[in-house]
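To keep things simple, chains are lettered A, B, C, D, E and F as they appear, and every chain counts its residues starting from 1.
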Amino acid sequence: MSNPRASFVTLMPMPEHREPNYVFSEEQVAGKSAIARLFMDSRTRLNQNVDRADNFLVKRFYNLDHNTYLGGALPAKYKELMGLVASACLRCDDCINYHVIQSYRLGVSRPEQEEAINVALVVGGSIVIPHLRRAYELLTELYS
Amino acid sequence: MSNPRASFVTLMPMPEHREPNYVFSEEQVAGKSAIARLFMDSRTRLNQNVDRADNFLVKRFYNLDHNTYLGGALPAKYKELMGLVASACLRCDDCINYHVIQSYRLGVSRPEQEEAINVALVVGGSIVIPHLRRAYELLTELYS
Amino acid sequence: MSNPRASFVTLMPMPEHREPNYVFSEEQVAGKSAIARLFMDSRTRLNQNVDRADNFLVKRFYNLDHNTYLGGALPAKYKELMGLVASACLRCDDCINYHVIQSYRLGVSRPEQEEAINVALVVGGSIVIPHLRRAYELLTELYS
Amino acid sequence: MSNPRASFVTLMPMPEHREPNYVFSEEQVAGKSAIARLFMDSRTRLNQNVDRADNFLVKRFYNLDHNTYLGGALPAKYKELMGLVASACLRCDDCINYHVIQSYRLGVSRPEQEEAINVALVVGGSIVIPHLRRAYELLTELYS
Amino acid sequence: MSNPRASFVTLMPMPEHREPNYVFSEEQVAGKSAIARLFMDSRTRLNQNVDRADNFLVKRFYNLDHNTYLGGALPAKYKELMGLVASACLRCDDCINYHVIQSYRLGVSRPEQEEAINVALVVGGSIVIPHLRRAYELLTELYS
Amino acid sequence: MSNPRASFVTLMPMPEHREPNYVFSEEQVAGKSAIARLFMDSRTRLNQNVDRADNFLVKRFYNLDHNTYLGGALPAKYKELMGLVASACLRCDDCINYHVIQSYRLGVSRPEQEEAINVALVVGGSIVIPHLRRAYELLTELYS
């Protein structure tokens, strides 16, 4: 609140990009999936700690990261799926969870999620399989 | 021709997936961009050598790789862009060239290509920048 | 059973490759090592979920993956150790566990496992050490 | 003790490099931070197992690793921070914990640690963020 | 010039960070080393192309990247060496060249550069060696 | 010559490991393959430069690297193939060339080399394909 730098960063808009319209709220996601709830709770708690540290460059990076997935030339849902592909082929479970949840909230279907993960599987190889297994568990909870 | 295994692999279709309708042929791409032409020539020459080796598992992997990008639940153009994101965040120039060209052939616009590369840039970090620079050179040749 | 695609994939043999003769069953491994038992239980549970999803491309990839480690020009035991080297230098604990167990089941000795891990350590660097530490714990349980 | 090879490795000094003067002992670190204590306990336990295995090449690698961070042309504190940057951009939580703790013990300030992590964040991209979040939790415990 | 967005990004300063005082200009570097000259020429040419594309998110990322290496809690020279460590263990020759040159321009000695590369070698493993070899060739040209 | 440290490192043997008996000399390899000759010439030239720098830690790492591939519990030829798998899944062309040549010199057959590369392909994914293509060109020259 008393930190003008942080609000400055947050207020800086990206031209011609739009905040997405979510089909589901984070609360609805947490109600459907225990995996998603645990992930979001842990992420929120840890992010509060990062937030308090108030590192200027980290805040800018978070802002840039947020803007990357806003709808522009590409619809937001495909950008989230691209984030999922990147996360899966770089093998980051937290990032996979995040983009699976965001894609779900934007109305992406389960077959669409699976096809995106398949791109990561073929590009990234069998080393992606343990992450695919865990992603499928989250998909099963969300889409049941 | 005289190898029944290879044709078997090639003939095995993926259910409910379609070969894409290209807006531009490889010849048209080669006519627009020297970078693309050099890349495709080298790729063709090296693939002929791999083809002659006739390794069964390699052929299957190539077949699987081909099927991954066919239109299914997701349109082919977004799958090619996902391949581009994966290639850029794993930092493989040949793979980036391939998916930029395939996306172009499927009618993807330059702003769409740039936004896909941005996802890879933010997920993968500044280490992606040298590859982004080279990708932009190819984009400039293709979309001029 | 009622899915013709899955059985089709499973039935497709790789020419001139053989299923390995295991020295130890999965049950014997589970009896020797708590780490192995936990890993195999979790893997089985998650794979059942992947199996139910019945994604055609994932099934094909699993099939390809399985065939890769069958004895051919190279004996199966060295292929499993190569899978171990790849897993360790790409730093995937689940994959390391899998290949350590498979190698053990094929009669690989502990010094052979350690030498394979050493290749990964030197190629992949000190970033491999945390995975080496956990692998050694599994080795100690299996070979005690 | 009865193993001449191990002591030989340990005794081999690196010319013109110095063991660092720590501001804090491992015990003091364990007293300040539960995360650090758990990490160090687990690391010690697993290393004892590696030590018992007495693999010659592993011991030499450990020795080389140790020598890399001794003060020479560069002060030890900057080398530990370089280890932190490498660990964060290669995304290894155990390695991040290790170098955050070592840097702390050498008197590195929290803003210095954050700036080193920022280099890894920008070079390595958003895929570093989950590791940054966990590193900030450790930083908060150590510097409170 | 006529693009208000780009200048806006460029003008946004990072609080309490300073542009470095270079000991050597880019021209002096180009005069000493053919490798550096070729790298800087190619980089400039490719960056002009990226610049013309005027992608908002890319410009912001470049700005963030620039700010990361400004002197703050850590002196600029150690931040450049940290960029070198990150580049070497992520194995990006262009990035290694960039940070070796920047470090040289800030007055870093050759032994300091070598010790930073050693951290990357030990963390990243023998896979770093081909990049180390090329880095040493640049070091030899710069410091002769 | 006048540097006792370097010779000390070189002379330190690894217990119970043997230098391999090569079937082909480097000269014979250079006579068969232009790719191999160019690679070995460039590697020799760059290593001479590294050698002159006489960095103690680099020399020790080179020594450790050399010892890793000596025959011990595992025959040298399988260790070289493991180095090939690691190099291919970490995607380093120079390292792939090196281990393909070393394996060839130790009498490894082409089908054995291809099966090792297949492990890397399946573990590492389609991102390995450009490197596989180049490796197959070298294989074709060596085994023709």
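The criterion applied here is as follows: a contact is a pair of C-beta atoms (placed from the backbone, for glycine too) under 8 Å apart; a residue touches a chain by one contact, two chains touch by 3 or more.
Being a predicted model, the structure only gives us computed values, none of them experimental.
**Student:** Which other chains touch chain D while also touching chain F?
**Tutor:** A, B, C, E
**Student:** Which chain lies the greatest distance away from chain A when centres are computed from Cα atoms alone?
**Tutor:** Centre of mass proxy via C-alpha means gives F as farthest from chain A.
**Student:** Determine which of the two chain pairs, C-E or A-D, is joined by the larger number of C-beta pairs in contact.
**Tutor:** Looking at C-E and A-D side by side, A-D shows more C-beta contacts.
**Student:** Rounded to the nearest 5 degrees, how far is chain A rotated relative to chain C when their C-alpha atoms are superposed?
**Tutor:** Roughly 120 degrees of rotation.
**Student:** Could you put a whole-Å number on the gap between the CA centroids of chain B and chain C?
**Tutor:** Using C-alpha averages as centres, the distance is 31 Å.
**Student:** Among the residues of chain E, pick out those that touch two or more other chains and give their numbers.
**Tutor:** Correct list: 57, 61, 64-65, 68, 86-87, 89-90, 95, 114, 118, 121-124, 126-127.
**Student:** Give every residue of chain E touching chain C within the complex, in rising order.
**Tutor:** 89, 121-128
**Student:** With touch defined as at the start, can you tell me which chain E residues reach chain B in the complex?
**Tutor:** 43, 46-47, 49-50, 52-53, 55, 57-58, 61-62, 65, 86-87, 90, 92, 94-95
**Student:** For chain B, which residues count as touching chain C in their complex?
**Tutor:** Contacts found on chain B: 5, 14-15, 56-57, 60-61, 64, 67-68.
**Student:** Mind listing the chain E positions that touch chain F in their complex?
**Tutor:** Going by the criterion above, the answer is residues 91, 114, 118, 121-122, 126-127, 129-130, 132-134, 136-137, 139-140.
**Student:** Could you list, by residue number, the parts of chain C that touch chain F in their complex?
**Tutor:** 64-65, 68-69, 72-74, 78-79, 81-83, 85-87, 89-90, 95, 109, 111-112, 114-116, 118-120, 122-124
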